[in-house]
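The next part holds the structures, each set out as structure tokens.
What follows is a pair of complexes built around chain A, which joins chain B in one and chain C in the other.
And now, the complex of A and B:
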């Protein structure tokens, strides 16, 4: 009788241990999944930014240059707040709740960069920044390619 | 003389054995479960991000217009890399002199490329190394090798950019590859 109780006791301890372990695992994995979704969303937004005609380095009839943003367009978009002006009818569908900033590191540019889209989620708790290195084409005073990166922050 | 009830003792032993077997089975199941979860973690997103980042970084580096004194307005990939390759072939005879450094390979390896990479990948705590080779000239390779402050990615799980070949007019291309790891 005592042995049976002992075995049952160990059995139930193992079951409880298993349930606790699974609950913890589930909590962590759902958090990881959420983080991964956020990173994936940031990658998607970065990809959209890189091929956006409003920003890419076009060259007449030829195909646009890869991993390159046009500084003339970028400056104008930030100055006029073009993405913010057409937020509801177009850009929110592309970038959702996020902040997109472009920085120039060589030659050293403005440390604040160019914030071209800024729409944080109201009451959003998590923020996931993703970085991607790009060339920044500057046509004034003469054509040069600077070195910088895009920072995309997505909110959840 | 005391008589031992053999049959009932055996039955009790069998019951205990069944209990132990159940526990062992449960423990094995638990371990299998744990192993499955531990091995099944997806790293696809990280890999996509890293290889994409490596490719975009090399493309941006090679396209960069240099603003240093002595070689202002020159393209890093086309002009300086070409000068570095030619200089190595022709016994350290370089055409360009950036920031007073007569050896273009040394300027790229010790100043310009580390400055570009440390300001971005280095600032994001990424480990990396970049290698530039002249195809078919193992005696001169690597032309340039730059590693992060944290070390290189030689013995680590890493992602690389596709090799970026650049025709520098030597009949054989100069290839630049960037490796990024955690």
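And now, the complex of A and C:
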């Protein structure tokens, strides 16, 4: 009887050890997966922003200028809060929990930049910022090109 | 000293009992065989007990492995669909591009694409979680198995860019182009489609077969289970309830048919009926055809019709584009006001003559007869181009007002007219040194 109990005891110790080991492995791998997903999401959202018709530098029937944002549209979208107005019915599905800000670096612009979308995840713990360099086309008073970058912060 | 034999067996563990050697000298002769028999039964019982316990433990672990395998397969399928979604995002972001996606590993699985109520759903049939998307229009056959996928992205412009359309074509799918397209004013569209389908890379080349009449279609050799899409450019070659040529009965064939009636453009879809006849799909509406919301110069919405699984998925994805049209239109309305305000300012850098000209062009009331204030402006030019000064805002307003009603051909025709007027107006503004909205 004692031998049986001892064997069973060791067996269950091994099982518990296995379960604990697997649980820890699973926890670490799902954390890694979540981090990877967050990075992927940040890249996806940045890609979407770069070709957003609401912001891009259109050229009529020709292809829009690559990695260029129209400053007039940008200012208007921020000023009128267009993305925030239509957040629930549309833009949340596009940008999810994120903050999108455009900064002008040359000539030096407002240090706060233009925040066109801001919807952090309530109680979110992780934040993944992604940056992308863009040109900024200003049509007023005469057409000129400035430089800056987009910062997309994604929350999880 | 207590002899071993008189130790009460009740306090000896059962496993030890069988191993105890009892001296036969102190045990009555007639009892010895009974003890041996009991021991043998106990040994046999222990083995059965061990076997059962072992089998239960083994079954437990086999169960875990089987469960884990199923979960892993489901997770893998979900992961593959998520990966596909990321590839679709990248593909649709690359303007006017074709990408080949090797799906050799998925050849035994059926991919499906559906769209209902403005929400697309796609995934691997019977495996994992599907992905839902309310934003991006993806036009694809309803179900297919394939070793490779062609992802083709084209911008939808109305007249400014609204959204990127993504077309999916399984490798090996054949497009049978039927009719000349002349009677339906789709001749150019047909030829544009043929040249766009061509590609130097054979993986990116769509298989296109040109057929001029029904007899060409009847004579065509078709492999069984081949994925085929017949495109009727003339609008009257495929007739509802007419018999399907027999060689098509074992293939996966469907028809898209373009019809034009003046300003109204529509598309019909047919599938193989149960009785071997062409059956028109009426998921969008039992009577009304599906409108095509496209400017003549930009045929993206017509291309989309060719790649769509059926009438419902086509219109569902077009609805996404129309919702976005409303939002992009708002941005351009704000930009128009900005341009108007700019010319209303004093002490501008531009010469006074140009400023006055632009003020007039952007701010005049569009419906009124206008007196052209400058010799630079040729009033014939306005009429030729369907342009009335000051109409930019009005046309943007007309577009905004017509979007929700565009479920019927008439209302969609109004929307198309407003977009055409806006396009003409915007293209003319730079001719008069004025800032325009989206053309340059």
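Rule of thumb we're sticking to: the second predicted complex is superposed on the first by the 126 of 156 C-alpha atoms of A that agree within 3 Å, B and C clash if a C-alpha of one lies under 4 Å from a C-alpha of the other, contacts with A are read in each partner's own complex, and residues count from 1 in each chain.
Methods note: contacts are C-beta pairs under 8 Å (C-beta built on N, C-alpha and C of every residue); 3 or more make two chains touch, one makes a residue touch a chain.
Everything numeric in this text was worked out from a predicted model, so none of it was measured.
Student: Check whether A:40 is in contact with chain B, with chain C, with both or with neither, and answer first, second, both or neither.
Tutor: Touch status of A:40: both partners.
Student: Mind working out whether A:76 is in touch with chain B, chain C, both or neither, as first, second, both or neither?
Tutor: second
Student: Of the two partner chains, chain B (first) and chain C (second), which one does A:3 touch, if any: first, second, both, or neither?
Tutor: both
Student: With the two complexes superposed on chain A, say which partner A:116 touches: chain B (first), chain C (second), both, or neither.
Tutor: neither
Student: Regarding the shared-chain residue A:152, is it in contact with chain B (first), chain C (second), both, or neither?
Tutor: Neither partner.
Student: Of the partners chain B and chain C, which touch A:67 in the superposed model: first, second, both, neither?
Tutor: After superposition on chain A, A:67 lies in contact with chain B alone.
Student: For A:54, select first, second, both or neither according to whether it touches chain B, chain C, the two together, or no partner.
Tutor: second
Student: Could you give the residue numbers on chain A that contact chain B in one complex and chain C in the other?
Tutor: 3-4, 40, 142.
Student: In the complex, go through chain A and note every residue touching chain B.
Tutor: Interface residues on the chain A side: 3-4, 7-8, 10-11, 14-15, 17-18, 21, 25, 29, 32, 36, 39-40, 43, 66-68, 105-107, 130-135, 142, 144-149.
Student: Could you please specify the touching residues of chain B with respect to chain A in the complex?
Tutor: Its residues touching chain A are 12, 15-16, 19-20, 22-23, 26-27, 30, 34, 37, 41-42, 45, 48-49, 52-53, 55-57, 59-61, 63-65, 67, 73, 75, 115-116, 119-121, 124.
Student: Using the touch definition from the top, list the residues of chain C that touch chain A in their complex.
Tutor: Residue list for chain C touching chain A: 13-15, 86, 89-90, 93, 95-96, 133-135, 155, 157, 160-164, 297-298, 323-324, 327-328, 330-331, 334-335, 338, 342, 348-349, 426-427, 435, 438-440.
Student: Touching residues of chain A toward chain C in the complex: what are they?
Tutor: 1-4, 40, 44, 47-48, 50-51, 53-54, 56, 58-61, 63-64, 72-73, 76-77, 80, 82, 86, 90, 93-94, 139-142
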